[in-house]
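What follows is a set of notes on a single structure, which appears directly below.
A, B, C and D are the chain letters, set down in written order, and residue numbers restart from 1 in every chain.
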Amino acid sequence: MTKLIELSDVVEKIPNGASLMIGGFLAVGAPLRLISEIERQGKRDLTIIVNDTNRAGKGVGKLIAAKAVRKVIASHVGTNSDTQKQLLAGEIEVELVPQGTLAERMRAGGVGLGGFLTPTGVGTLVEEGKPVIEVDGRSYLLEKPLRADFALVSAAQADHRGNLVYALTARNFNPLMAMAADTVIAEPHLIVPVGCLPPDSVVTPGAVVDYLVAREPHHG
Amino acid sequence: MDEKMIIASRVARELKSGMLVNLGIGLPTLVAQLLPDDLAVDFQSENGLIGLEPLPFEGLADDDLIDAGGRLVSASAGAAAFDSAMSFGLIRGGHMDVTVLGGLEVDENGHLANWMVPGKMVPGMGGAMDLVAGAKRVIVAMTHTAKGAPKVVPTCTLPITSSRRIDLVVTEMAVIEPTDEGLVLRETAPGVSVADVLAATSARLVVPETVGVMPI
Amino acid sequence: MDEKMIIASRVARELKSGMLVNLGIGLPTLVAQLLPDDLAVDFQSENGLIGLEPLPFEGLADDDLIDAGGRLVSASAGAAAFDSAMSFGLIRGGHMDVTVLGGLEVDENGHLANWMVPGKMVPGMGGAMDLVAGAKRVIVAMTHTAKGAPKVVPTCTLPITSSRRIDLVVTEMAVIEPTDEGLVLRETAPGVSVADVLAATSARLVVPETVGVMPI
Amino acid sequence: MTKLIELSDVVEKIPNGASLMIGGFLAVGAPLRLISEIERQGKRDLTIIVNDTNRAGKGVGKLIAAKAVRKVIASHVGTNSDTQKQLLAGEIEVELVPQGTLAERMRAGGVGLGGFLTPTGVGTLVEEGKPVIEVDGRSYLLEKPLRADFALVSAAQADHRGNLVYALTARNFNPLMAMAADTVIAEPHLIVPVGCLPPDSVVTPGAVVDYLVAREPHHG
């Protein structure tokens, strides 16, 4: 009944051209082993949905450096010089989304909403191509849900049913992504037996998690 | 005091005990260091924490706890952690009393531009658009000019961050308040005259009879 | 076996290991008791829990843990608790594999009515509208008739719960599947003939060449 | 720096005619002391926003029985015979909202969204008077945010800054309500010193909570 799987096996399930939500904020809370294995297997034409592309060559920056990414959907790509270069050279497509809207679009994708109205971005470049809807005298943008083929999330702890617990600012987008993808792969720091996580501490219920990637065992 | 410290110490005076405050990356971060000890302000970090504190000692860092600029930080007693949807729910939902943000330009409409320079620098807006749209009070902390060019301008030449009018601009030369009547010059820095401010500003400034001196 | 047990035991056969399942109040609740021991199904309770379990002993109840019908329950090893927005996020977001709901009427369009009788009984829809709109598979578990009147009808006379076509109707007499061709009679209960079912049904039923016998 | 206040004092702040969000699901997770004090002070013309009206005379049912309530917004009022009677007699106004939509409307009110698109209720009585918006070929109702003058919530634990932790199914609507009202009053089972709640366990940040009502002290 465990959802444990070998790192290489689970990454082999990701085809070229897939869309991936990848957790993390400046790589804190990013699934670093999964990212490295995607790079090692030489995936191509990926769409990645991330808060940011970290620094050049670090975290998801590894995938940018390896030119594995065709399109980035993110709120901020200013910390990674590779992304900036590829963007200004027209080698990579970047869709910039306000961070709160990005979080909310993922949430909408995960909880079955067809969209939501946000004041963020009204009257700015972000408004382009989006319906502006007035509610009770105030203008809002209609933003649409976001989903991906795969969500790659990291967590502080998991049990073997896939229940996930997060730590501090490593939580960030991970719980939202775990709800919004067809296949959810989690990379916890620690896997504990079923029954060892208090129900109130669980943020992502195991029912939405498909696979768990363990750290290499280092006991014995 | 260098110009950044002048700005940050003036901004610090806008904060009151019990407020929930978000400080943008860069200059605004300095504000936290300049608060009086008896002021109990809750700092939010948009990557998912209320109760942001500087590290007491280097050795006490944890890889899982950073601020929105990527620096290792600490959490105060009574801190709360949450995901990004909750974090921006607090911001957009009107729970944030004050946000202090850097700026590239502010114009006569009180519009802020701070997220891109087309063709040159496209970092993205990060959380800035949500912060400006949602915080109860938006304070822009920026130098008055960039390489001699005024940053307080008639109309933003750069893409704006929000159509919401921001509440206050604090520079090393002046405190300016956007109002229905335009940009009102509220204070000048010690040793800076109204004429100095006008000369360094391309926007039209409304100069009231009394212009205070920035308490810093 | 009384009619409710017949219905619940037939519905139990629709559940597979690993499924996330929500059982409505009343008759559907019986399904949990009738699952084979080797079947590992996660039961969700829309008031905020995955891992609903009956109380092992009376004394082990906690006031803070009830099911959606208000009964004191227990949580299984590996349970998870959450708020109502998350609970209905799971339901509406397509994470719920099966929901089993009671019904007042099902019609030839596969529409379910189960939340009010105008002028007589206005309990409200509770979570039923979200469950029918959002679950991957909706099974209606109800008696075939009410005081002799058919509940499988040409068109619902009561306000419908959702415009979504439900997936299966299980009664003590028959298993009926709404399809593009209409309501297809899949199975009859042991000892019940096709003619018996037709006589107790006012909707038009499509009767295929082979109609199975309900395994219960 | 504590937010502690006397029960009677905080309830005196609630005027007749106020709108109140009151946590709880069949009274589990309901702020029972606040409810009793509202009844005792004889408030009138209240609008209550609740999941349900519990049973006759129990939990918020006390307010129904006392005829303190002019309007109920709820997902279910079938368990309380008083509500049914007053409703069928036209003595009380009841707005029925699907439970998931109710939760999401509160959330939208708390997080600054102008509304959201839900598939729930399309083609039913719930659709009446609401815009139907099509997104990517599927129809959704545009539902609007819900806020209240006061939120009365219960919690398992609080610290003196108002951080709240919940237990099991007593969580339900409480965290959503705590975000969606002008004034938030919490009734925790236990109040602990600041620093005693792990940041990851806090569900409602103290920053949104205005007042804490303590149980009567029973030590010494």
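Note that in this section a contact is a pair of C-beta atoms (placed from the backbone, for glycine too) under 8 Å apart; a residue touches a chain by one contact, two chains touch by 3 or more.
Please read all numbers here as calculations on a predicted model, not as lab measurements.
Ranked by distance of CA centroids from chain C, the top chain is B. A separation of 35 Å divides the Cα centre of chain B from that of chain D. For this pair, chain B with chain C, the centres built from the Cα atoms lie 55 Å apart. Centre to centre, using the average C-alpha position, chain A and chain D are separated by 32 Å. Counting partner chains per residue, chain C has residues 49, 75, 81-82, 85, 88-89, 91-92, 134 touching two or more of them.
Each of the following residues of chain A touches two or more other chains: 104, 107, 111-113, 118-119, 166-168, 171, 199-200.
Looking at which chains touch one another, you get A-B, A-C, A-D, B-D, C-D. Of all the residues in chain A, the ones that touch chain D in their complex are 104, 108, 111-119, 133, 135-136, 138, 140, 142, 144, 165-168, 171, 199-201.
By the touch criterion stated above, chain B contacts chain D in their complex at residues 20, 40, 42, 44, 49-51, 75, 77-82, 85-86, 88-95, 134. Those residues of chain B lying in contact with chain A across their complex are 45-49, 62-66, 68, 70, 75, 81-85, 87-89, 91-92, 119, 121-130, 133-134, 159-164. If you check the complex, the residues on chain D that touch chain B are 1, 107, 109-113, 159, 161, 163, 179, 194-195, 197, 199-200, 202, 205-208.
Listing the residues of chain A that touch chain B in their complex gives 25-26, 28-29, 51-52, 74-79, 84, 87-88, 94, 96, 98-104, 106-107, 118-126, 156, 166-176, 203.
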